[in-house]
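Starting off with a structure, shown below.
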Amino acid sequence: MKPLTLLAAVATTTALLAHISSSNGVASAAQGPTGTARIVVKVVLSGPAPPAVKVQTSADPYCAKVHQADPLFSQTVQVGTDGALIDSLVFVKDGVSGTYAAPKTPVTLDQKGCVYIPHVIGMMAGQPLEILNSDPTLHNIHPLPVVNAGFNIGMPVQGMKQTRVFQKPEPVFHVKCDVHSWMSAYVATFAHPFFGVSNKQGTVELTNLPAGTFQIQAWHEKYGVQVQSVSLSAGETKQITFTYKG
Amino acid sequence: MSSKLTKRLSVGSALCVVMWTLPASAADEPPSPRRGADVYRRYCITCHGERGDGAGEFAPYTTPKPRDFRQGTFKWRSTPSGSLPLVSDLERTIRDGVYWTVMPSFFPLNERVRRDVIAYIQTFSPRWTSDQPGMPLQIPPEPAHTPDSVAKGRAVYEKQNCAQCHGDRGAGDGPAAKTLTDDWGNPTVPFDLTKGYMKGGTTGADLYRVFMTGLNGTPMPSFVESIAPGEAWDLVHYIQSLSASQRAHSNQQVKP
Amino acid sequence: MNATIPGNTLSSLDEGVHMRRAAILSLSVFTLLVSLPRPAAAVPAFARKYGVRCTVCHEAWPVLNDFGRAFRDNGYRMNLGKDEPSVTDPAYWPVYVLAEPHFGFDLVKSHTGAGDTTLQKNGQFQTGLAVLGAIGTLGDHASYLVIPVAGINGLTLGFPTAEFRLNNLFDSSWLNVRLGNTEPDLPVSRVRDLDVTGAGLNAYGYHTPGSVSGFDMGGNQLGVEFMGHSRGSRTRYSVSVFNVTGSPEKNTNFNTPGVYGHATHKFMLTRGPLTGVEVGGFASYTSWPIGLPAATGSTTAAAALTDRKASTKYGGEVHGWFGSDALPVHAILTLLQGRDDRALFPGGVRDGVFNGGFLEVIANPILPLVVYGRFDFVRNRDQALPTRPQDFNDQTTYSVGIKHTFEFTTRAEYGLVVNYSLNQTKQGAQDGSDLSHHSLWAGIMFAF
């Protein structure tokens, strides 16, 4: 082979290899679009709110003591004023594509007063989850994902902290504490940043959306899943409501 | 036939026989899932099921349930909590069996049989192709088994709050014991540490691995974040002392 | 159940008479063997107890594989905390049933230069029902086995197979003690033999023609066995001390002592088509009293009975396993030589010596299917009686069979078995002509 041809071949191969290795493993997909459109979502429970269920915490003396004066109520159905349904996860199910960088700031999951705070978490795949034990009793943090790798770590010491990362996007999965069987949390990981959990007013704001048509899904632990379609032009704000029947 | 020809034929056929029975190369053959499938059908299928889902013919009649291989979740490992086991972890489980369960010790079988069946078991879960096992636990050498060590171990037992599930004397009667469920939703109980033999193996190192890596798929967590390696052996000694049985004190592997 | 193999003579009567007797007796015994199930072939109770099916312990039911042999050597225990009666499900009964309804056909011919004569030809359906056995664990160190053999019409024949075994004494697998009436630790077990026609394994019970010794190495012997094995039973030894079954009436106890020893080692291979090789050696030394049985109370004749003469057998075995570990081809070659002391032969001029053995090949190409064949021979080397030609009563047996299991569960197993055997005995007929015995067994084996 002529030296020049050889040189050209080597150069091309090297360039190709460099290009392949420099891309971050994800096939050169475009950076996902963002914009200034917003959807304000309200999640409502119609009909009378079910009675709050008190949780028995006598199995652990610390938990019993904490909740003697301040009883613990089940987090499964939490209803605010005017039927606002709290702790409902709302997110864009379809309509966005592309990669979005996961933030480096962690989401915190605290084990405090023998409950998980918060009860429902939406986070990005690859974003750190900082798990904290604020109680002077043993909790074990035991998420049960199907797509991601789970774990089960004992956290017997008050103030213990550990950080874990779920690398892959995954629909809602359960987190439990085996020591305290009433403790329950839910986590979902997303490939994009367009999600939120309904607050005490039952509202979620999905911001920085690009123009387009989106499938918006609401998930509730007890009342299930609902989907709505929303079309947005650039910079537009729309309001939608998910109504669950009690 | 001439004697020369006869000689050549005999030498030739002898050589053929020798070469046919000798290994083709110095290295062991790679494990074969195809041969492993034959092994599985002969030995494993009545408990672990045709689909590797732990729902074999005998599964309804035994507790704990046979392993469901489809999630890549395994109890007895040297890798971190949530991770796939090493192949050597699976080999150990198959070779030694699991005491107090119907999982037999397949030590009498050829080790190639075990390797082949592990290769077949790996075909039941896609996790073996998408994930890698984590770094195995490094176990420091065991210090002397002294009363002092046992006392220190008791302090560790209290600090880690093992009694929540295992009870103050290790009998599996802690306050949280009654509400435990495994990953598949089956009710389960904390191990009674006074029974003598441990399930995951009868040596101290096996016990060390249990609480440092946790048992995937069960409520038993890993305490690797809160127990220092130096303390861990003390805890092993303490747990061994909970059993009245002489055998629990011995670090000799008692082999079924 | 002790079988008298063709050629085994009973007493020093007129040659012609006893040959006729021998022929008839062996025929009847053969027929009987054909209709009776084998005692401890496979134990479905274990399948129920541990949730395994027959293939886990049996390479090719009823031949044991490595796992089954280790289980048996451990005292029928898995040794994983689930064996004792106190932890076993109370609904579990350690009893099992073997049934073998079949069609049996026998054809016996004698051959002379002039032609063949059919001496017997009969075929019949047999119920072959039923062996009821109980085997299990009594505790940490004890196990038991009781198999009363029931014949047709509920007759019990022979002394039931029964044993009590102390396992892993001093927490060591190297010392186990078994007391009872059981088969010695043979290279190929007669009770777990694939052949169902009762043919073959002739060398076990053979004695040079004319010997009064009735020792059958392959039959139950009442005594004690010391047995030990390494973990996984790769290395095994067994020494049995017993009173020879079938010894003549005696006034003194233990007048027919015998000892049998067997040691084996299996090499596991992890490369190449050969997956395992096992080598072993065995020997038996038994004595037999000579002289006529004494009348009760007579001391003079009793003294004669203490004159015991030795009958020995010694040999070796090689096993090879080829192909897949789970679906192997298993070949077994066993060779032995037997020697009976001259004094055991009324009119004998020298020790009687014979060579014998067998080559058996068992193939298990798919799990439900077993194909097997065996070539079995006995060749007399030194006849003790001078009038006998050297090949008098030489035996050759061919046996082929096929077994197809219809269903394997942890509760029961049943399958179709077809087995053909041909036994040829030189000068085995009453008129001195060669005898050939064709036997066909076709039926169902059912175990619960």
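Read from first to last, the chains carry the letters A, B and C; within each, the first residue is number 1.
As a working rule, contacts are C-beta pairs under 8 Å (C-beta built on N, C-alpha and C of every residue); 3 or more make two chains touch, one makes a residue touch a chain.
The shown structure was predicted, so the numbers you read here are calculated from the model rather than taken from an experiment.
Novice: Assign the assembly's chain-to-chain touch graph to one of these shapes: line, ring, star, complete, other.
Specialist: line
Novice: Relative to the centroid of every protein C-alpha atom displayed, which chain's own C-alpha centroid is closest?
Specialist: That would be B.
Novice: Which two chains have the greatest number of C-beta pairs in contact?
Specialist: Max contact pairs: B-C.
Novice: Using CA atom averages as chain centres, what separation in Å is found between chain B and chain C?
Specialist: That pair's centroid distance is 39 Å.
Novice: Take the average of all CA coordinates in chain A, do the same for chain B, and state the distance between these two points in whole angstrom.
Specialist: Roughly 35 Å, centre to centre.
Novice: What is the distance, in whole Å, between the centres of chain A and chain C, each centre taken as the mean of its C-alpha atoms?
Specialist: 71
Novice: If you look at chain B, which of its residues touch at least two other chains?
Specialist: none
Novice: Under the stated contact criterion, what part of chain B meets chain A in this complex?
Specialist: Residues 71, 80-83, 131, 159-161, 164-165, 175-176, 179-181, 183, 214, 216, 218-226.
Novice: Where on chain B is chain C touching in the complex?
Specialist: Checking each residue of chain B against chain C gives 20-24, 28-29, 35, 38-39, 41-43, 45-47, 57-58, 61-62, 97-113, 116, 197, 255-256.
Novice: Give every residue of chain C touching chain B within the complex, in rising order.
Specialist: 50-53, 55-56, 66-67, 69-70, 74, 78-82, 89, 231-234, 268-276, 324-327, 367, 409-410
Novice: Which of the residues in chain A come into contact with chain B in the complex?
Specialist: Where chain A meets chain B, its residues are 59-60, 137-138, 140-142, 144, 146, 149-157, 160, 162, 178-181.
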